[in-house]
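Right after this note come the structures.
Look for chain A in each of the two complexes below; its partner is chain B in the first and chain C in the second.
Let's look at the complex of A and B:
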């Protein structure tokens, strides 16, 4: 007979109640871990795909407004700029799915390798992209989803431009986080002109690669100075800031979710406290007996508190394990299900695990404290009068 | 320490009173009781409901403290001890037996018996060994792994007795130990208590309504309305008990029922 055996026996006393309390705590911990993993996951995602020496240039009025295409040539002439490339949103949908499942952009093939050296695209594939005007370079994530291979032809129907174009995949970006589909700007321009439409005289976004990290700030200033007094003044920021600002909206939303989660956790504390109170009340006779046998306030208090804390700790552990399992599964399936988006980048890190377990322990302590203290401090004669 | 007399006294009560307040009224559960119980004796407190016998038992085993007077048990003044000190004292000196056995239903007989040993600095193996020895003393060594629900009333009470003796206390306190048992089991329990007193030298104090107990005890104290009856009053109470006039259907209400 040990104290632990006594705790175990008491937890098994009402298995359904123990299980339900455990599930409530486990789900709360799971929820908290997943939500805490989101910002870290998004930041990690941005770190993996974004660079500090690449700068985005957009119309200061917003991303939906364009800039004159001539601007990109001026930018290439600025000191400290290694290369620059105009980008236009193509908005292509793959015929077999009929909806936008990956982003597609029309880019300048001659400058693609210069702007994205960190993509490590083989030179032969970059050369093919420059050589074939219908060539396309595709991120590995999308290649895996559709089981495409280099040399394959695919048709993308544009949701923006009145053209459906056939492409020949000539290269793959060897990064499993990336799924963008890059086509040649020249090809889209000619296709539009062939339909009697004006060609692409605009750039929706300009990517600029800066030669040296220390020159980034001055390049951004010079770029924005180029069009300061024009009809389309620009706003420059690093690629990391650019993606982060996209995700900031999501993070704001997550703050609301976190507040709701905090309230849910608080509710679970009350539920667990209520359960602990019920359990203590049900066992009044046994607690009175133990006091009569000589168990003082401290062992009674510890015993009752440990029961709640142990249950919450085990349940919290299960919740954390579930969170790790779910995020691992998301990462595994992210390559096959593009709809998962950044969800596939979520990691339950060590600090998140510690925080989840800490929260579960806190729930255990807070919910067990009052019933345990109440039971322990009552005089034995009073307790026995009530129950015997 | 109490000054010894020729025979060592296990329990000494000096002018002990226990009064309660019920609203504005004062209830005199026990009034100026003095007595001495020699070590190694088997005594019973008898009397009708509300006579103060359970209050007296609570005072003797350190569960309650008197309003006035001195309670000295096993050489210690209980009336001046704090709650925590009393708990430690009970763990060391008192074995408790209740009318309704009060075993913990989720524990086996062995675990129930070993429960008080959690308060003693012993390793797990030694606790187990002592619990099995105590079960052997009460003749239940074959039932060690049974939970209370799998035992008869008489067997449960014997498990409770094993729990009371497992930490080798000086004093066994039994509150209506036969109150919930059939006649045969009641006789067995009374006989067992007498054996424990005789062979292990325990002082056994029992509250009971059961007239059969008179055949087993060394002395019976009779109480009525909080007073200890002596002389002719005690004789009359005993005679009434023999005739079954003092017996209450269903027995008493137990240790905790002492106070309002």
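Let's look at the complex of A and C:
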């Protein structure tokens, strides 16, 4: 007779208890995975969209402090720079919704493809963006939310500049993670001048693409040296650290998520340990009998431990699967309903899956160890005396 | 006839190890849920407390916050002389033109954060009734002075009374500290509006206007008139609605947290059920005896339900105590929880567990006890006395 069959029979003996414990461990694993899915999702997002050869340049005083527009031309002249593009926040609200629901930027159409080759925008669409002053390139996420098509006209009212401009969508960024709306800087500039206002003499942000990854550090230094003694000194960062700095404000929240995760994990240990000790206690007569029949300590110990570990591993697996299902569903819904926004940012990544399963296994071992050890060590005579 | 209350209590004491383990699970779930709920409600309280029911926020149409709006001098003048704005003691209208800028501040631990700097005129203190200067004094116009919010003080380099703050392109002398009953103004720095526009080289002098209406009817009329003016494309909303909208991102987190609480509660409920099922099983003979003595099914059911609820409530008491300690420790360690707000600035929230949070978690713990105990209690109550006695 195989030991595994014995383990199975034991798990089936009190089905209600096995089910209750299994569900409790599965729920706890699900919780841990969901909690960790938020930080993991944010990290994964940054590494999916950020390039290691793109550098952001902003005024050292802060994102809302501008730089002179002439700086971008100087940066393009630096050795090692493949291309650079000045960006100005347009702050456009789509009139049907009335509020800002996606970011919109005025950019230099001639340099867009050079700075974002990794967006894989078809060359014909980039050419149309350069050709039509009122052209716009939009991220797939926003295209989907509003069911926009290439060729469609939309009006965005700027919350910052005193203009409402009409745009023709000429291209789509084929990446469902991205939702920004890019318009031509020239168009905004001329619209402002037509109203008798001074044109755009500024750049809010400059994106620089460096030709070689090894040159990123030296290019960042050269860029910051350009304006070191001017009245608008700059601060360069890689795209990754630029995005991460926006997430830095979530740091404290993440600390609390981690604390709660640890608490929930401890819960599972308690629940599973409780069950394991119940199972052993109930079976003490049987275990004594097995010993009397000649089963050694080791097989008894392993039998009991394997039982707990198997139960925890199976339930943990179910919990992880459920977590993957729930986050996938959330992402699908969040893609359709913009109000759900942040809930679509949960990703159960590979490391989170590994962590969830590892945790379940660990719980099985930790909770099974003490009762199994106790049962294996207990002298036969003592148990027999108690039972009969 | 009901069983005496000491029966379930003694049963709990009979197996202290198992009782502690199950109670511990409930306590941990309570701590986790209280921490989360407290965090979200603290965040909401901070934002909602910032709004005054008699105030209006005027922004450019389509703008969601005063960090992403621009208003020119003409637009401000056109509003300033509208009827219905409450006057101050000297008869000036209570209208505060403001410029919001988000410069980097250097934190004491060497990082940098965006902080909301609000350019104001001295009248701002009369428009924002909840804001008080608690140390030092208010800024004087064109003097390079700043007042810092209570939560800003001590978080950044130079943010103490009498120190010099370096942000934007200039140096600012801290002359006062402001408090606002925990509202988000406490995470802001206030300076002179003209100096700030010059420092940030803003093409427009203001980003938003706050004003105080003389009456409820005036407030509605003012909002309509401002939105109807075709020259400036502005819109006015109640200050409380403005901050309510700012806290909407917290709503999604709130549902997330409630979902987590329910899942954790279910898990703990299953754990508690497990323990009680075992208790019922090991006490079969006892239950048979009780039934034979004439105790009704209801009495048995009640006894086991009581045991479960007492266990859960004990867990709640322990958990509530622990979570109060934990929030106090977190608050001391982090000095308030920093959140990113819609203006991309740091909002430092004072972490406090409210009685509402504790009540909600008490409900959860009671549900864990009641529902977790139901199955085992039902099984005990259904036992037939003869069989129970024979089986044992």
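Here is the rule we use: the second predicted complex is superposed on the first by the 274 of 388 C-alpha atoms of A that agree within 3 Å, B and C clash if a C-alpha of one lies under 4 Å from a C-alpha of the other, contacts with A are read in each partner's own complex, and residues count from 1 in each chain.
As a convention for this text, contacts are C-beta pairs under 8 Å (C-beta built on N, C-alpha and C of every residue); 3 or more make two chains touch, one makes a residue touch a chain.
Source: prediction; values computed, not measured.
Applying the stated contact rule after C-alpha superposition, one finds that A:127 touches neither chain B nor chain C.
Looking at the shared chain after the overlay, A:9 reaches chain B, while chain C stays out of its contact range.
Contacts of A:93 after superposition on the shared chain: chain C is touched, whereas chain B is not. In the superposition on chain A, A:321 makes contact with neither chain B nor chain C. Once the two complexes are laid over each other on the shared chain, residue contacts for A:290 go to chain B alone; chain C is not touched. Of the two partner chains, chain C is the only one touched by A:273; chain B is not. With both complexes placed on chain A, chain A has more residues touched by C than by the other of chain B and chain C. Applying the stated contact rule after C-alpha superposition, one finds that A:66 touches chain C and leaves chain B untouched. In the superposition on the C-alpha atoms of chain A, no part of chain A is touched by chain B in one complex and by chain C in the other. Against chain A, the residues of chain B that register as touching in their complex are 58, 61, 63-64, 83-84, 86-92, 94, 96, 98, 100, 102, 104-107, 110-111, 114-119, 124, 127-128, 131, 163, 253-259. Of all residues in chain A, only 1-3, 5-6, 9-10, 12-13, 285-286, 288-299, 379-381, 383-388 touch chain B in the complex they form. Contacts from chain A toward chain C in the complex involve residues 16-17, 20-21, 23-24, 27-28, 30-31, 34-35, 60-66, 89, 91-93, 98-100, 157-162, 164, 197-198, 231, 245-253, 255-256, 259-260, 263-264, 266-268, 270-271, 273-275, 277-278, 282, 340-343.
Interface residues of chain C facing chain A in the complex, by the touch rule stated above, are 18, 21-22, 24-25, 28-29, 31-32, 35-36, 39, 59-64, 67-70, 72, 101-104, 111-114, 167-169, 200-201, 203, 233, 249, 252-253, 255-256, 260, 263-264, 266-268, 270-271, 273-275, 277-278, 281, 326, 330, 334, 337-340, 344, 346.
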